[in-house]
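Just so it is clear, A, B, C and D label the chains in written order, and each chain counts residues from 1 on its own.
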Amino acid sequence: MKTDFRIGSLSCKNRVLTASGTFGYGLEAAPYTTLAALGGIVTKSVTKFPRAGNPPPRIAETTGGMLNSIGLANVGVEAFARDKLPLLRGIGTAVIVNIAGSSIDEYIDVLERLEHEQGIDAWEINISCPNVREGGLHFGAKRETAAAVTRALRPRTRKPLIVKLTPNVTQVAEIAAACADEGADAVSLINTLVGMAVDVRTRRPRLSTVTGGLSGPAVKPVALAKVYETARAVSIPVIGIGGIVTAMDAIEFLLVGATAVQVGTSSFRDPDTAVSVARGMEEFCREQGVEDIKELVGALRVDDTGAVPGFIA
Amino acid sequence: MKTDFRIGSLSCKNRVLTASGTFGYGLEAAPYTTLAALGGIVTKSVTKFPRAGNPPPRIAETTGGMLNSIGLANVGVEAFARDKLPLLRGIGTAVIVNIAGSSIDEYIDVLERLEHEQGIDAWEINISCPNVREGGLHFGAKRETAAAVTRALRPRTRKPLIVKLTPNVTQVAEIAAACADEGADAVSLINTLVGMAVDVRTRRPRLSTVTGGLSGPAVKPVALAKVYETARAVSIPVIGIGGIVTAMDAIEFLLVGATAVQVGTSSFRDPDTAVSVARGMEEFCREQGVEDIKELVGALRVDDTGAVPGFIA
Amino acid sequence: MTAVDTDALVTGLRQVSESIFALRFRAPHIAAAAQPGQFVNVLTSPFYDPLLRRAYSISNVYGEECEILFAVVGKGTSLLARVREGDTLRVLGPLGRPFACEEPFQTAILVAGGIGIAPFPFLFSRLLDQGKTVIPLVGARCSSLIARGVISGARYATDDGSEGCHGTVVDLFEEYLSTNEPVVPRVFACGPNPMLAALRRSVLGRGIPCELSLESEMACGIGICQGCAVKRSRERDQYALVCTDGPCFDARDIVPLGEEGG
Amino acid sequence: MTAVDTDALVTGLRQVSESIFALRFRAPHIAAAAQPGQFVNVLTSPFYDPLLRRAYSISNVYGEECEILFAVVGKGTSLLARVREGDTLRVLGPLGRPFACEEPFQTAILVAGGIGIAPFPFLFSRLLDQGKTVIPLVGARCSSLIARGVISGARYATDDGSEGCHGTVVDLFEEYLSTNEPVVPRVFACGPNPMLAALRRSVLGRGIPCELSLESEMACGIGICQGCAVKRSRERDQYALVCTDGPCFDARDIVPLGEEGG
């Protein structure tokens, strides 16, 4: 059975990747899973300078999900190139480096520092970081800024460029289209939803940063709707992320139009999740007589039921 | 202990209302709860003409939440005035009529038809309906259209006007501010998040309308963040809605700035939820020596922790 | 006659087939008010996954106790299968419109598909009490999935032929009709939607009065969510609510989900 | 020495105080590799509420079996309290940095607050094996909340004075120091953050070496989420991870959450 896919020069043996920030730099979970059985690994966001991250508490469990405000804690691009990347070479799966920055120059600096390093198969650009010029509004919150990041990076790399979109916008498909127009090879979504939680006894927010990012099974319905919206609006591949725990969850994303998926929060529950999702998808295809998993991509059956779309209450 | 609050001429004995569409027209749940112990009842959205609603399936359970696409099934304003409203008079709690429409004229027609009926304490305006003029984009999706609905209704009523906001936007506070500028007496939020779910065996969406509205505990973190954002941006009262099951959930909303709350999906799990939330809030206040529940509104303690706000990953 | 939401004491749980359990609980008010075909709405978890209650037909009443039959298929039922005697279970009921079984017919045919057998032990004994003749026809995928000891004198159909007639319970129903004298029976049916759709075609074609007990997605069970709509057959684009207008309907009045045209 | 994620067979559950349970499970690899102060990460529900695993100190090891002690306070622990012998439990461990207990000190004082007693039965027997003198000091809110039969020779402090010394376990600790000869002991402590903060001030002021076992919110337990940060005391705005750099830390190295300044 065919399970692999390609996005430009990126070639993955199956359609399940680990999501940025939820699988460390790739090696930490090695004792509990089979890295070589993954479609690929997306690294924690790498920034120009090391970042210690936010003060605790950084996470709070919520119903079916969790809030995080890690604060892009990472070793910085130099230490990444020196200490982390060498370990990732030869683990037998695709390596996608996720880049974050608070100015366009920072994105460029990280990408240029790594462009000629061995062992990087593609970039994922995290545009859910506050744009310091725009006073804290995320790059991903507006068509113009999302396009600007893409435009700045496109000519500087020959590797596939995947732009990772935030769901905290009115029309994500518009932003995806702007990135596609600027030459993005793919988009991935969703990053976390802005959320918060309060400890009623202390009357304090449960995260040091007050608000944080919501992820996990609770957000899956939102993620599916955003991926569906995006996949119908752009012709580049869409990578689906959000609340995937089982192979059936991943197949939902494929059916609504995702070419591949990423597993995030579930790896915290069980570091072998991504691999078991990949295996379960194969099994499902075998059962259903699907010979190439590609057949599932966008295969949602939508009839005209006479329903008035948009009337959602 | 003081638990009541007022918004203009609307006076409620406590801060817990039932949310539109989740408590019928108010009487259906009477055998299972004590209506007179509610702060108020918000009716199912009433439209100009009767609506049969969408074809089944109309609901799908998801992790910690549910999707619905009821399609604003309701008896229409005439039958509402004739059959439902008389039963609501004298149940001993405030009655807030929720109005929906797909053109501004429809909102006006419903409001004007009911303005002089006895027994209505306030309006809640559901602007999460597709605006037929704008080709299906919700009235609530843009500042301009949200303001236009508010502007059209404001001079036509002496009752408090609560505008109910959709969370499916980049900056809900902006839209709230526009409504406040046009004379809204309060805003309520959140309405449901756009979401979807797929049956992988049939490859069909689990709702007849493909996408629907997500509600329930899963969305509480998003609702809290949106209420917090809004309460800091406007000076009119904010009513918090989204995923409330317990008194502690409701108190979280008060702490982030909500004057009152609405209980939605949880009433399906237990029709006595809203009343038990109200009772639990009282008990909490007694325990904590709070004499007027108002003391909790906006009482969130936020320190400067040195965290970089906005960096949410 | 109104329903109550009550903490019911679990008095027994026994397995009646490979995947079906019978759960008994003490709920005097529900037991006293229940009619065959009605259901209860059960909270399966104190937490929020699964979030909503699950509906179960009242499969029998013993004094102050009620019994439900459930097939373990997902989250809610896997939790119910772990309930222990002495636990309490939050149960709301009895809910919905019961089977119309008081009318003056002489022979009733019960047609059950899979876990659709659930409402029939109760209906069966009620009909026997009324002195009626009752023919229970029970379908299952295979022999090991047939609930044992819940209804007597049943004839079986299995998809794989491992017990009784080889075929669906609707095949068995039609075979029964063709080999028995043509008195007009009253049919009561419960099972998956495709089975009900097939049976509906069969009885409507023959002019046999029939009541169907329907399932649908439900959020509340008491008429406040409007989630459980089923198409009415006589008015275009009009809906009935399974929880309050049903779950038992005259087969002529509604179109089970999945039946085209109608 | 690496941890494993395994389906452990539950071999016993017993209540050791009003709200504390001892749960035993068979996990040969974990039992063989475990060191005092390490923890396991337990999946408490097959569904998604609660979503994340819960961390529990390994409170003792018996051959191929491990024991954990837990206080029933919320979702995960109320599910664990319903586990039965013969069930399987998904357990990942042993995780984290153990107590540094091999060093050449002679007297150890164990300071436990509430459920912070959990890691000490294991540490206690390890230290006795090494021929050391061990003084267990145990604090609880009241007598009925003290875990019984898990550690011998303990002295108690209760907030309400219902057993032992009336006060906190840190008061008891300071009283112990003041009434006993001034050999420099090694202190091992586990409990709520405010207690650890108070104890830390007490030992640092006196120059007594001390290891603290910390708790924090955790999502993964294995270093892939960075959620379990705790402030390092020596570098400004730098963090250690409780799950991999801890949970046992030299008291000089970190600042428990809630301790101001530091």
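As a working rule, a contact is a pair of C-beta atoms (placed from the backbone, for glycine too) under 8 Å apart; a residue touches a chain by one contact, two chains touch by 3 or more.
Because the structure is predicted, anything quoted here is derived from the model rather than measured.
Engineer: If you take the chains that touch chain A and keep only those that also touch chain C, what is left?
Structural biologist: Common neighbours, chain A/chain C: B, D.
Engineer: Taking each chain's centre as the mean of its Cα atoms, which chain lies farthest from chain A?
Structural biologist: Taking each chain's C-alpha mean as its centre, the farthest from chain A is C.
Engineer: Is the C-beta contact count larger for A-D or for B-D?
Structural biologist: Comparing A-D with B-D, the pair joined by more C-beta contacts is A-D.
Engineer: Taking each chain's centre as the mean of its CA atoms, how far is chain B from chain C in angstrom?
Structural biologist: 36
Engineer: Measure off the straight-line distance from the CA centroid of chain B to the CA centroid of chain D, and report it in whole Å.
Structural biologist: 45
Engineer: Approximately how many whole Å separate the CA-defined centres of chain C and chain D?
Structural biologist: Chain C and chain D have C-alpha centres separated by 52 Å.
Engineer: Spell out, as numbers or ranges, the residues of chain B touching 2 or more other chains.
Structural biologist: Residues 21, 54-55, 63-65, 68, 70, 216-218, 306.
Engineer: Two or more other chains touching the same residue: where does that happen in chain C?
Structural biologist: 47-50, 237
Engineer: Looking at which chains touch, is this a line, ring, star, complete or other?
Structural biologist: complete
Engineer: In the complex of these two chains, what residues of chain B are touching chain A?
Structural biologist: 20-21, 45, 54-55, 62-65, 67-72, 100, 126, 128-130, 136, 138, 141-142, 168-170, 191-198, 200, 202-205, 208-214, 216-222, 224-225, 228, 243, 248, 251-252, 255-256, 284, 299-303, 305-313
Engineer: If you look only at chain C, which of its residues touch chain A in the complex?
Structural biologist: Chain C reaches chain A through residues 47-49, 237.
Engineer: Which bits of chain A are touching chain D when the two form their complex?
Structural biologist: Spelled out, the residues of chain A in touch with chain D are 21-24, 28-29, 31-32, 44, 52-61, 63-66, 68, 70, 73, 216-218, 245, 265, 267-272.
Engineer: Which residues of chain C touch chain D once you look at their complex with the stated criterion?
Structural biologist: That would be residues 45-50, 75, 78 of chain C.
Engineer: If we count contacts the way the header does, which residues on chain D are in touch with chain A in the complex?
Structural biologist: Result: residues 2-5, 43, 48-53, 90, 92, 216-220, 222-231, 237-239, 257 of chain D touch chain A.
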